[in-house]
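Please go over the structures that come below.
Shared chain: subunit A. Partners: subunit B in the first complex, subunit C in the second.
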Partner chain A sequence: MSLQKILLKHEPKPENLLKVLKEIQKENKYIGKKECEKVAEYFSLPLARVFSFASFFDEVETRKGGKKIIKVCSGGPCLMEDSREVVRQIELHLRIEAGNDAHPKYKLEFISCRGLCDQGPVVMVDDQVFERVRPEDVDDIIRNYL
Partner chain B sequence: MKIISKNWNKMDPLKIDSYVKNGGYEALRKVIREMKREDVIAEIKLSGLRGRGGAGFPTGEKWELAAKTKSPENFFICNLDESEPGVYKDRTIAKKNPHQIIEGLLIGAYAIGAKHAYIYINGHYQKPAEILEIALNQAREKEFVGGGIMGSPVDVEIQIFQGAGAYICGEETALIDTIEGKRGEPRLKPPYPPVSGLFGKPTAVNNAETLANVPYIIRRGAKVFSQIGSSVSPGTKLFVLEGAVKNRGIFEAPTGTTIQELVFNSIYGGGVEKGKDLWFVQIGGASGRLVSPAKMDQPLVYGAGDCPLGCGSVLVVDKSADPKDLLFAWADFFHRESCGKCVPCREGTFRLWEIAKRLKNNDLQKIDRENIEEILWTLSNTSFCPLGSFASVAWTDAIKMFEKEIFR
Partner chain C sequence: MQIKINKKSYQADEGETILSACKRNKIRIPALCAHPNLSPSEGVCRMCLVETNQTRGLVPACAQIVSRGLEVFTETEKINKARKINLELLWADHAGKCASCRRNRRCELQNLAEEFKIDEFKFVPRRKELENKDELDLLKDNWEHTVLDEKNQSIARDSQYCIECRRCVRICRDMQTVEAYGVNYRSSKTNVGTPYEIPLDCIFCGQCSAVCPTAAITEKDDIEKFEKVLADPKKMVIVQTAPSVRFTFSEEFGEAPGTFWEGKLVAVLKELGCDKVFDTVLGADFTIVEEAHELIKRLKNGGPFPMFTSCCPSWILYVEKYYSQFIPNLSSCKSPQQMLAPLVKTYYAESEKINPAQTVSVSIMPCTSKKYEAQRPELNGSDHKDVDIVLTIRELARLLRKKKIDPRKLKEKKYDPALGISTGAGLLFAQSGGVMEAALRTAVEKITGEELGKMEFEMVRGEAGIRCAEIEINDLKLKIAVVHEIRNVKKLLEDIKASRASYDFVEVMACPNGCIGGGGQPVPVNQNIRNARIKGILKRDKGMPLRKSHENPVLKKIYKEFLGQPGSEKAEELLHTKYINRKK
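For the complex of A and B:
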């Protein structure tokens, strides 16, 4: 769906702003300057306001990606299920360091709780969620999903 | 004693009939047919119900304030943002029995005279949001939601608003700002939302679990409810047990249950996992206090005691856990989730995170130790909203309790 079509589906009311941004992201993968400008015009808001809003949220990407992002929950319950060892395994396998953006293809980061504490440790590759990940599962995830 | 999780196993969340059969929407009918708005508020006040999101503010008082503020329009919001690490009680209510939340929300909206209500749901909760949407549509078909509820002149329209992943949006004014299309940064209080909330109109914001209690109170009467659990904050609470405990998951217990009982009683936690040695318990997620085994006999209530009940999570930590990892996890979480509005929290959580990294890598410098204390003091005393002080709670307790292990 084109950007224009997504915009026209919703009334330009402030409570629709987040919904519109999320729908555009679904199509476009990220929300760049061009998209922000269009949205700002449609909602009659300053560009800065739309961009600052978009950049506020974890789930809205404002930069073009390309890297595979592996996310591991850093919450207490996941930690108690040995998420630390899972992180160590990913670091070893891919030769990257959590939080470091240097690798051209992969990035490993910690995320906040996803409310899946009973299924921990939780690992995500982009939008795919893996539950109850054991350190020995890391190899399989990397081989099949990266 | 179960109020919220009572019919979870009997109920089909995708069918409204299974809720109606178990007495669902009776409370709504009673309210609309027999009770005046003031009566509903008086009943909730009498019941002593307090907010289950963490702060424990008396629900009836909040409604009364929102109803009394003169305005052509007001709003009701159900807070289902739930992003405290270690809690998934609201998600579970939404998945197991969504109508309970919707009915509570409708009663609340009627009581304060709101025609528009929102359910603000965590952006990560895709499945529960879908279930709620289905439930809403079914309720609309049965004329429980929308224009002219059950043939009366009462209109309440409910809309689901999905967030996009931000811990701070569980704070009510930040949540309101997000709906208004602004960054989720907390507002200066007062004015409190019941006076000036969404779009500047009086707004009541209640946690989903709080609202799920409302139908029971209306059906059985405030007196019955007020006799359950502790007299300070009556009712039951959903507790989430996790970590090194035998039975993990959600357990409903009367308020005032002691930590000891939750962890060791066989109907709840059933004791510490075999072969593990209890070290301490953290109550209420990453922002919660740490409790040593010697102090576990304190009852968990809202509005009293030195260990706040918070959102109800109980993380049991055994001696195999590394305190440095935990300290890093807490610091990392708050540094990531700080909204950046005020300097103490934005800079404080960042510096604390840097120190936590050095601590984890056994690279701690001499000056760090003094700095930790200064940062923790600044966070808890000068932050704009509670997030800043939350960031210091667990650290402060940890340093008090096992200074030796940390700075070894």
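For the complex of A and C:
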């Protein structure tokens, strides 16, 4: 779906902004400057406000990545379920470091709470959500979903 | 309503904050994010924490509204401890390079750090104190999001000094409605800056640099360029000084706001080695004569109305970028700076037999936007670049401090008379309403052909954001308006667009109270300081022997010898310009 179509599907009201950004993200992988300008124009908001809004959310990428992004929840309940060990396993398997941009294919990130606290630890690969991930499941996820 | 502050009773108004009640009663509360020009406050710096009898924890005084029976304590051990920790946290994220900082000794954060004796680095270890690798990563992470912007001509940004107080975001959004900055990303990666880190794309009014408590946003530094030409024996350095800086220059050296320091300003420039010091007020007089001529021409030809003044480069840029349909309404006259400069490189160079290529034209301005204006190629009237270097008054004061020149010890000097005679009308350019008043003094006399009895036009003076009046000149009714701050300008333009209002002649200034509240003026600034500056201007205007622009003898001489008459072909070429639609 083109950007224009996504925009026209929603009324230019502030409460629709996040919805629109997420839909564009699905199509385009990230919200670039061009897309951001179009959105700002459609919602009659200044570019700076749309960007600061978009960059606030972990959900919305504002930089071109082209990488598979693996996100692990760093919320309290997930940490209690040992999400840190899950991260360590992923780091070991993929030989990457959380938060580091260096690897050409993958990026591992901590994210804030997904609201799935009873299902922790939560791991996301792009849009796919994995719940109750044990350290030993990591190998499986990496083999099948990356 | 009665409230108690530190066990004493005070009167407070319904709906006001604890901070404003304290401020009125001269009880000091430190604050880094609250600013008198900006309300309501967001309460992000947590320096104004106070204890009250109605809340359990500490509350920010800048955001807490007073209520009946309130008792406030502003200095207790608990408060001081909390403030100190908060300040240490802010300091930990700050560059702390005070010795080389542009705002050294003029920094609100530094002042508080001294007051609270912040000399320990509890939160960020220094290099030798690093114990393990994690701490180094933390340190790296802290500086990861540093953004430098030196790409625009007016405003420099360096986010390692930023303490995320959001004053710039708020003043740009609320006062100037441009909203060039935003708070980007979140938590430890929070960064105040432009979207996608593009170079600043705004109207360069510089209000953000005037309210920034640290050196995160400053004027672009052109001191080095200035020093270089001063040291070059082949270059003749010709300086002009804006009408408003002579009333604010003294503040940089600890004098009261509004002190008239014209002679001192000339003296320090001569001391620095400038060859000639001219007065931009003469340029202002030219602007008035040309503008009055244009207004009369438009009255004869029937428009287009309203005619907008064109002295403020930020305002011009605002029209070009956001309201391009009003471009024909802008007066084609250049600003005073850009009127005097081509005369220096043509008329003055010819009469003194100097090669204009060897002159360097420098102007001392209250404004960051003038730096941008000087770069506009279409404004060059002579064959050379009209204005080579623009320094704000803050930069000049910084240079003087660096060279250890104290203006208080220098003897006052006079402007060089060739282009240095000024009138009271031109001086009024320094404040909002001044251009209108000066223009009316000339226009009314030109239209009626009689001498003006009372020179003050009180209806255009004052503080209100939009001031309207109707003036009768013989049988002609002129509807005028004076606006300052872009939020008021926007309102006025929308009213005109929707035909809710109509005016004939409108004066616009982008900064609060005009140039005396300019983005390059000494900091800190608030309404009281600006009022004191205005008082100084009005007093000086009253004492001037010449108070009407068209009576300026130098101006008359230049028209006779060089330009012909107002609106002549030569004047059109040197003193007028065209505007470009920059809408995106």
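Methods note: the second predicted complex is superposed on the first by the 146 of 146 C-alpha atoms of A that agree within 3 Å, B and C clash if a C-alpha of one lies under 4 Å from a C-alpha of the other, contacts with A are read in each partner's own complex, and residues count from 1 in each chain.
Methods note: a residue touches a chain if its C-beta (ideal position, glycine included) is under 8 Å from a C-beta of that chain, and two chains touch if they have at least 3 such contacts.
Small disclaimer: the values here were computed from a predicted structure and weren't measured.
> Just to be sure I read the superposition right, which of the two partners does A:56 touch: subunit B = first, subunit C = second, or both, or neither?
both
> Should A:43 be classified as contacting the first partner (subunit B), the second (subunit C), both, or neither?
So A:43 only meets subunit B here.
> Of the partners subunit B and subunit C, which touch A:114 in the superposed model: first, second, both, neither?
first
> Return first, second, both or neither, reflecting whether A:142 touches subunit B, subunit C, both chains, or no partner chain.
After superposition on chain A, A:142 lies in contact with neither partner.
> Figure out whether A:33 sits in contact with subunit B (first) or subunit C (second), or with both, or with neither.
After superposing on A, A:33 lies in contact with subunit C but is clear of subunit B.
> Is the number of subunit A residues in contact higher for subunit B or for subunit C?
Of subunit B and subunit C, the partner in contact with more residues of subunit A is B.
> Examine A:80 and indicate which partner it touches, taking first as subunit B and second as subunit C; both and neither are also allowed.
It touches subunit B, and subunit C stays clear.
> Going by the contact rule set out at the top, does A:124 touch subunit B (first), subunit C (second), both, or neither?
Neither partner.
> One more residue to check, A:17. First (subunit B), second (subunit C), both or neither?
The first partner, subunit B, only.
> Same subunit A residues contacting subunit B and subunit C, which ones?
Touching subunit B and subunit C on subunit A: residues 49, 52, 56.
> Which bits of subunit B are touching subunit A when the two form their complex?
Result: residues 82-88, 91, 122-125, 161-167, 178-184, 240, 242-244, 248-249, 282, 285-286, 313, 315, 317, 321-322, 325-326, 329-330, 332-333, 336-337, 339 of subunit B touch subunit A.
> Which residues, counting only subunit A, touch subunit B once they are in their complex?
14-19, 21-22, 43, 45, 49, 52-53, 56-60, 73-77, 79-80, 84, 110, 112-118
> In the complex formed with subunit C, which residues of subunit A make contact?
Listed in rising order, the residues of subunit A that touch subunit C are 33, 36, 46-52, 55-56, 62.
> Over in the complex, which subunit C residues touch subunit A? Could you list them?
By the definition above, subunit C touches subunit A via 173, 178-186, 194-196, 198.
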